[in-house]
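Each of the next two complexes has chain A plus one more chain, namely chain B in the first and chain C in the second.
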Partner chain A sequence: MMVSFFDQFASPSYLGIPLIAIAIALPWVLYPTPSARWINNRLITIQGWFINRFTNQLMLPLNVGGHKWALLLASLMIFLITINMLGLLPYTFTPTTQLSLNMGFAVPLWLATVIIGMRNQPTVALGHLLPEGTPIPLIPVLIIIETISLFIRPLALGVRLTANLTAGHLLIQLIATAVFVLLPMMPTVAILTAAVLFLLTLLEVAVAMIQAYVFVLLLSLYL
Partner chain B sequence: MLSRLVLVSGGLVQASRSFHQSSQSLAPVPPLPEKGGKVRHGIFPEELFTLLYPKTGVTGPYMLGTGLLLYMLSKEIYVINHETFAAASIGAVVIYGIKKFGPSVAAFADKLNEDKVAKAQEVKDQAMASLAQGIEDEKKEQWRVEGRHMLFDAKRNNVAMLLETNYRERLHMVTNEVKKRLDYQVQLQNLHRRMEQEHLVNWVEQSVIKSITPQQEKESIAKCIADLKVLAKNTQARATV
Partner chain C sequence: MYIFSNMTMSINRLRTEIMGGHDAGTHHQFTGIAKYFNSYTITGRRNCVLATYASIAALILFFKLKPKKQKAVKSS
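Right after this comes the complex of A and B.
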């Protein structure tokens, strides 16, 4: 059987047990529950501070009705960050490289925003389809364009996350292989190692990825 | 937990409360240890070294690690492939990050906690300060109460003085009035006497004038003229001398 670079993205299963379940459930272990103490240890303090700060930032553009999404968005953010950062370790599997998972996040959440918007304020929600101040002849075309853009949103969200992570992991593998193969021929290795290192720090921008994901999700909240 | 659930015959599960049935309670919470467990090289707990020390000395765990690593490499249980380099890179990034930002992050976390404690402490201090201030004020009030009798004495003196002044003024007024009345009477008597005197003098004059007869009047006038002539002669004589 041919070993390809894409094998790392195959969903792992052992004796028929899909191990992706463990990969998804395990990151929860890394975050200790805030205890009943008033002054906690450093980890809980920092974790609490970070989540508070992030949720505040996230809720800034929203009115009070949008604050119902705070729990969902904050936990989504933490989940995605953890999974992506853990995927940077060697010999790990990143669940978010699977399109199924990402679409499973994107479509229901996007649909929720659309349906809730339609249910509560149908005119305003439909009004978003037409930007203000368009000249009259352009209106039909613009409606079609805005509808297409509306429906493409979940697709974009899911595919963006998948593509970014998959590409990143693939690049790491490729460059690491290049370093490995070129090791008998010394000088090039140094340069390539530096490149790998740099790429890795760039990939710690998995965090930024999550920012983008959640933020876009948030922006589609015209509730 | 199981003691809290009671299985009823219908298969329903109900939760029954069981409070304070053991001597243990949640408060006061035992304090957290000051520092985390000691580790060597960032990952290996110190207990491993302590465990191996009696049998293998100081270098024991290091030999164990090296041996394990070489064993896995030589038997190709762990194969060096491209992922090794990826692991090395990410290891380098992680270690760099921890070494560079570790202390500042720890200090930040400590500062967050300390700020919390400082705020509570400030509340406590303020409460204590305000209570102490209250005690001071109360003492001052008690001292003031002690001095109250002096205040009353002074007030009493004031009032007495006012009364005295008032009394004296009225006394003066009365005296003046009485004196005025008496003066009036005195003047009246004086007036009477004077009038009587004048009346008497007038009567005497009148009677004298009446008693002067015309004969006497002519004689007195001739005498007066003769006297005047003599006087004039004397004066002329004195003047020429």
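Right after this comes the complex of A and C.
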């Protein structure tokens, strides 16, 4: 049996049960629910502080009508950041490396922004397809370009998250394999490669958080 | 596109008041066809978008419904 570096991205199943369902449900289990007490414990306080701070930051460019999206965007952010960070642990599966999952998030949410915009303010929604002050000869060309960019958005959202996570995991596995192979032959080179692996892991932690944030931020800006 | 440019140059007058270098789009006074099709007001931009979509749809419909010429069969 040929073992390839892409086996880590195969959706795991055990006795016919898809384990991706457990992987997706895991973030919900990990976070404690705030209680009805006036003052909660430190963990719940920090959790609430982080979520509130992030939600405030995200709602800054939006008007009051856009604040209805606060719950959805905040929960999406927590979900993505947790899944990405858990995927960096050894022998874990990262659901966000699956394009199907990311497109399943990107397409319905993007479509919701478009449909809600068309329903509430059709003139403004259509008017935004032509930048203000465009010279007359360029008007049809720019309208076509803006329409294409509108339809490319969900694809870009989904593929960006998938590609970043997949590339990062692949790099980690490649360099870790190199360390193992080089250790008996050239220990010094293996140690240097291990240092590179350590720095790469730190980078992947940052990428995991940043990509989750970028996904949610871009979605909020499409509103 | 050529119709827009010819009509705006020959028929219409455009007056703008620019405040501080930023055109807010609220001080334009368009006349003629530019009142409905321009790239400064939100309704003008909307109408340009709708006109472009209608033109593309008309082009597609025209080529779809165009009768195809059948080649005459040559006798050997």
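The definition used in the following text is that the second predicted complex is superposed on the first by the 185 of 223 C-alpha atoms of A that agree within 3 Å, B and C clash if a C-alpha of one lies under 4 Å from a C-alpha of the other, contacts with A are read in each partner's own complex, and residues count from 1 in each chain.
Here is the rule we use: a contact is a pair of C-beta atoms (placed from the backbone, for glycine too) under 8 Å apart; a residue touches a chain by one contact, two chains touch by 3 or more.
All values derive from a computational prediction rather than experimental measurement.
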Chain B versus chain C as contact partner of A:202, first or second or both or neither: neither
Touched partner set for A:144, first chain B, second chain C, both or neither: second
Which of chain B and chain C A:118 touches, first, second, both or neither: neither
Touched partner set for A:91, first chain B, second chain C, both or neither: first
Contacts of A:42 with chain B and chain C, given as first, second, both or neither: first
First, second, both or neither for A:176, with chain B first and chain C second: first
Touched partner set for A:156, first chain B, second chain C, both or neither: neither
Sites on chain A touched by chain B in the complex: 36-43, 45-46, 49, 88-91, 172-173, 176-177, 179-180, 193, 196-197, 200-201, 204
Chain A contact footprint on chain C (complex, rising order): 1, 4-5, 8, 23, 25, 39-40, 42-43, 45-46, 48-50, 52-53, 55-56
In the complex with chain A, residue positions of chain B that touch it: 26, 29, 32, 36, 80-87, 89-90, 92-93, 105-106, 108-110, 112-113, 116-117
Interfacial residue positions of chain A with respect to chain C in the complex: 122-124, 126-137, 139-140, 143-144
